[in-house]
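Chain nomenclature is as follows: A, B, C and D, assigned in order of appearance, with residue numbering initiated at 1 for each chain independently.
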Amino acid sequence: MTKRRISTPSPTSQADLSRRKFLGTSGLALGGLALGPALLAACSSDSSGGDASSGDNELWFDNWTLYIDKPEGELYGKGGTLASFEEASGQKIKYTEGINDNNEYFAKIQPLLSQDKPIGPDIIALTFWMAGRLTTLGWVEKLPLDKIPNSANLIESLTKPPSDPTGEYSLPWQAGMAGIAYNKSVTGRALNSVDDLFDPAFKGKIGMLLEMRDTIGLIAMSLGIDLATPTFEKFQPAFDKLKEGVDSGQIRQFTGNDYVDDLEQGSFAACIGWSGDVVQLSASNPDIGFSIPESGGTLWFDTMQIPVGASNVEGAAEWMNYVYDPVNAAKITAEVQYISPVQGVQEELRKMGGDAAALADSQLIFPDASTLATLQSWGNLDEEEEALFDAEFAKITGA
Amino acid sequence: MVMSEGVAPPYLSRELEQPGKTRKGSTSSQRAGSRWGRRILTAFACLVYLYLFLPLINIIVFTFNDPAGRYNISWDGFTINNWLDPFKDQELTNAFIRSLEVAVLSISIALIMGSLVAIALARYRFTGSRGIEIFLVLPLTTPEIVLGASLYQLFLGRNVVFGFSTVVIAHVMFCVSFVALTVKARVRGFDWTLEDAAMDLGASPWRSFRKITFPLILPGIVAAALLSFALSLDDYIVTDFTKGEFTTFPIQVNNAFRVSFPPQVNVLATIVLIVSVLLLVLTSVRSEKGATR
Amino acid sequence: MNEVLLGEEGTPGHGAAVAGTADVVIRLENVVKKFGEYTAVESADFDIAEGEFFSMLGPSGCGKTTTLRMIAGFEQPTAGRILLDGVDVSNTPPHKRNVNTVFQNYALFPHMSVFDNVAFGLRNAKVPEAEVTKRVTDLLEIVRLPEYAKRRPNQLSGGQQQRIALARALVNLPKALLLDEPLGALDLKLRQAMQLELKRIQREVGITFIFVTHDQEEALTMSDRIAVMTQGRTDQIGTPTQIYHQPTTAFVAGFIGTANLLPVTVRSHEGTTVTVDSRSGSQFRVPSGGRSHQPGSDVTLMIRPERLVPSFAPVDGVAGGSIPTTVTSLVFQGPVVRCEVQTDMGSALVAHLGPEDDPGRLSVGSRVDMTWAYEGAYLVPEAIDPEAAGITQSN
Amino acid sequence: MAADTSSDDRGLRKGKWAPYGLLSPGILWLVLFFLVPVMILVRTALSSKASRFANPEFSWQFSNFTSAFTDYGPQFARSFLFAGIATVSAILIGYPLAYWIATQGGRWKNLLIGLVVVPFFTSYLIRTIAWTSLLKDDGVILNVIHAIPFVPQDFRLLATPAGVIGGLTYNFLSFMILPIYVSLEKIDFRLTEAAADLYGTPWQAFKKVVLPLSMPGVFAGSLLVFIPAAGDYLNNRYLGSPKTSMIGTVVQDKFLVQFDYPVAAALSLVLMAIITTMVLIYSKFLGTEGLAV
């Protein structure tokens, strides 16, 4: 699931460093020419592509883009969570933004994990259902929960979700909601029902998410289908409705996060969107609105997991424990503006004052009981069922 | 036949009778048809060039955009900041460098192997050469998605770790064919008796290759190198299947498009564009100067 | 044109010795070249003398170029030996042989200046640069193109390129210069001028020239000796005069100039005169050409077109024979009228009639007896297929 | 090289071992990373999977091929239709330009043809994204079109078949122009003069002389446009909609998202088989020369 906050890029300069690095590596590449045929042999013993395996005692966290606080625009900037963690624990951390899409990331790591080879990162932050898949496949380590005492601070409902019933293989990173995002200058009105997305007035101007669980989930709820115990048979009407929307030309495109641009440009009158994105968009464009449909929105969360073969389980536990301290968690929330899994963040935000304190009252970050009551989370899909869902969804999205 | 005034029919044109003068094209501009026909054609040609360059212009213009959101798709204001900081996006920059590394390495390998194949085909007659030629064409005429998918299955089945090596292997594979065919097309007219002449004049086979053959087929090799450089740098589909965790520039752009499309993409693309065009101009000027025949 | 040189005996067949006593530069000893099943050169076996202008003449595919390439070292003989200055070089690569080649298409290096082209061989031999400059300049003088040193080959005309190719080869002072149809690419006028130029240069530098051509006129004009080749065989080696007037095979007769060939059978041989029977039953008396002819053997009577005259014109010398014919075509060609006739046996003959032959009295369809002088006929010691009788000419 | 060589007038050699020695590295690479993978793909296409993430087991599962046809017939049809329209459009756009350069380029010919290659040097992904910027609903081009009377207000180009076909045409247009130009370059334009004398009008002369002589270039260009267009999925991703998806989209998704390797392999092979048949027919009649640009 892709839901990063919109932030203006920061003016850091890596130009010099990069150029030097480039000269060095291109020299290497030329030298590698002599080894041309050796590549054949080499590729079998490669530890990993790219910049694999973290160095000694370094902790590697691979996360989504724009999903952590960046003071002064720099990831490792002073006062930021990464820097203060390093300071507090003495543990070096390498933080990368390698996840753009759950399926794409899975395709990337699947060949390695299926051969029991380490993929590099010690922590990955896939969405709950993908985390469930990895757990089922046995590709993640059991978490050393005894070394993460702060996990006691977590919101109850997120500790033993259907995707990880024992709660031993994943812990939440951030959570959020999917609902209806719309551009009032195009729609002329606020939308608050899934049926509005199928209003012929918006024909060809409706976007849906490539994230199957959000798109199908919202439609299913509008048809009165419960997400807790999904079966393909039960969901058939939701797929049919979606298919009809595509066939009639009502639905223009399925997107990732790029819907924010389409929405702002008016290419989409409305679409299914994620809470955090729209909070940010509406700040600069008052025409952009977000609503949880009457029939309900989806509640999702991204997790932290330790893939098998990770070299720094200790450090990973240390990190998890650190971010589950409400004080630290609040700093992240203040920046990414998604729902924090940690209890006590609301109070911490109030203590921080200023803009952060204002966030403490946001329904999209701290939904009240009545909003929460309309939200549903997906139950677990077994492998066979999930394949059916994916295949059907792929057929409709044109793949 | 409508002919523009003042142009003698070619059978009266003495110029054509002169031996040694190029016959093709020298006065062909007068032959393309009526004056109006030519004007319409010229106007159409200009439109086609506009069509070809419209996205490039867009890319260059948008290097100066100051996008309000994360997508550099709509014009929001002028800035030169993107040019002052082209390597700002770390992931993008790394992917860009990795793309260059892949291109340089795979082209170096492909150039050597491909040129040897081209020389073998252009220089010798041997049984099976026709079959080899068809075999060479196949990787280029096989849809990229099939190339990618089949390599994916190969590597997956043999438990090969996807990454830099597999991407290079794939790029070498389609570049070899491309280099072989391009160089062969340029070497086809090569007069191999020049090598005989060199050896006849006392040059060892190696020296005659170095002094005569190589300098003469070099323009063909350079052209092949430039084009396969573009091919490798540009490749999305085959790389998509062979990359594993490794990302090249186009892959990074595509993946990150789910989240953002920063102006640095345009800046880096423009840098590649400028450098390649300069190289193209440089080599064509050089080959013009050293025009061989 | 009509003079007959019988002073020297033809030296037909193989093992022909070098004329005179000059030193042998190149000796081919039973050289055979096969490409797979195909025999390109059957058995080349001859010597070439120092300073000689030696031509290999034949139609394309006769093996002359292959022979030349073996001498140059581009090909290795399948059997036999090639000796250069008495040393066996059969398997020496081209860059280690002191012979140089002028290629048919000149093979000038297009990316080098004229000067660098000519200097190429000297530089390969690591000759000091000062001497390179001197020798290249000298050679450009000899080929009369000193002012073109800085040009590129593609800025020169065909004839100029040809002279540069010559200079490039000669500058190395090779034991022999091999020329592979070097004039083939030039037009007629330039070709004739270059023939003279080549002769001049050869005299000036005194190097052995081995010249390959399919143009019999070119070979006759320039050569000291000619080897006529066909289908991988050397048919005859001799001076231009011998080759023209005393061909040893019907092929040579037909290939060098135009010849009227008639199949005849030897009736008797007395002294220097042979009596033969033609297929139509006529008897002709022919000089023996220094050979002995077995009665009953089939041989070929050759009469050059300029030797045939109509019966109403006076025959020069003792009459040799006469054939009744019908005129089939008359073509005015300036100095001569080309008159084609048909014998009653159906063979076509051609006569070149000068003004003294009074061609005005002939017209197409008229009956005329074609006659020749005793010395105007020659016996080729080889039978030909009666079907192939009549005019043969190389082009 | 020494042992057994011969030559004809152009200096072509007959070689026993030398050509094979020169060929072997390149050909070996292609065998290992093109031929073998395709074989493996065939094997995969005849396999079945016990579960979604299990390895495919070879089982002569021909049903993969039937389901490739029955389930994805529309995508195949659309791929070939879109690629076909793109090819025809590329001929209509590219031929006049190639003709204009060949006949009226004069001394600028090399530069003009070089310009055609320039777009190659920007990633085609980025060019495609640039088109989204140009073609978006409130973009420059659409604003112009909407200013035309009687154009419906909801007329748009993005997320329509026209958008995808336009993208395909644009991205592969150069592959059409180059071979057509090469074949036009070989034509002695005096022929059109002679033909004009015979047929009367320049158009007739063009039709009867130039067009037939340039057909090999048109055929080569058509293959070079059609093949990548038929297997493409990026144009659909950026310029299309779910209703314009092509077979490439399906293959990519089946391989990298759904892990349905057998059916994906079958789909790829069907695509490859159709295209390879076209290529073999082409090379039978026209050789392989024209396919190297």
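The criterion applied here is as follows: a residue touches a chain if its C-beta (ideal position, glycine included) is under 8 Å from a C-beta of that chain, and two chains touch if they have at least 3 such contacts.
The shown structure was predicted, so the numbers you read here are calculated from the model rather than taken from an experiment.
Compared with chain D, the chain whose C-alpha mean position is the greatest distance off is C. Compared on C-beta pairs in contact, B-C and B-D come out with B-D as the pair having more.
Each chain gets a centre from the mean of its Cα atoms; for chain B and chain C, those two points are 53 Å apart.
Here the CA centre of chain B is 15 Å from the CA centre of chain D. Mean C-alpha position of chain A lies 39 Å from that of chain B.
Rounded to whole angstrom, the centroid-to-centroid distance between chain A and chain C, based on C-alpha atoms, equals 90 Å. Chain C has residues 74, 93, 104 in contact with two or more other chains. With touch defined as above, residues shared between interfaces to two or more other chains in chain D number as follows: 7, 14, 25, 136, 252, 256.
The set of chain A residues that touch two or more partner chains comprises 40, 104, 265.
Every residue of chain D that touches chain A in the complex is listed here, in rising order: 25, 32, 51-53, 71, 136-138, 154, 156, 158-159, 236, 240-245, 249-250, 252-254, 256-260.
The touching residues of chain A, counted against chain B in their complex, run 2, 4, 6, 9-15, 18-19, 21-22, 25-26, 28-30, 32-33, 36, 39-40, 42-44, 46-50, 52, 64-66, 96-98, 100-101, 104, 108-109, 111-112, 115, 117, 119-120, 255-258, 260-261, 264-265, 281, 284. Looking at the complex, you find that chain B touches chain A at residues 68-71, 73-74, 81, 85-91, 93-94, 97-98, 100-101, 104-105, 108-109, 112, 155-156, 158-169, 172, 243-247, 255-262.
Contact residues on chain C toward chain B in their complex (touch as defined above): 72-74, 93-96, 99-101, 103-105, 107-111, 120-121, 124-125, 154, 157-158, 168-169, 172, 187. Contact residues on chain B toward chain D in their complex (touch as defined above): 1-2, 9-11, 16, 23-25, 28-29, 31-34, 37-38, 41-42, 44-45, 48-49, 51-56, 58-59, 62, 73-74, 112-114, 116-117, 119-121, 123-126, 129, 132-147, 149-154, 157, 169-170, 172-173, 176-178, 180-182, 184-185, 188, 191-196, 205, 227, 230, 233-234, 236-237, 240-241, 249-250, 253-254, 257, 261, 265-266, 269-270, 272-273, 276-277, 280-281, 284, 288.
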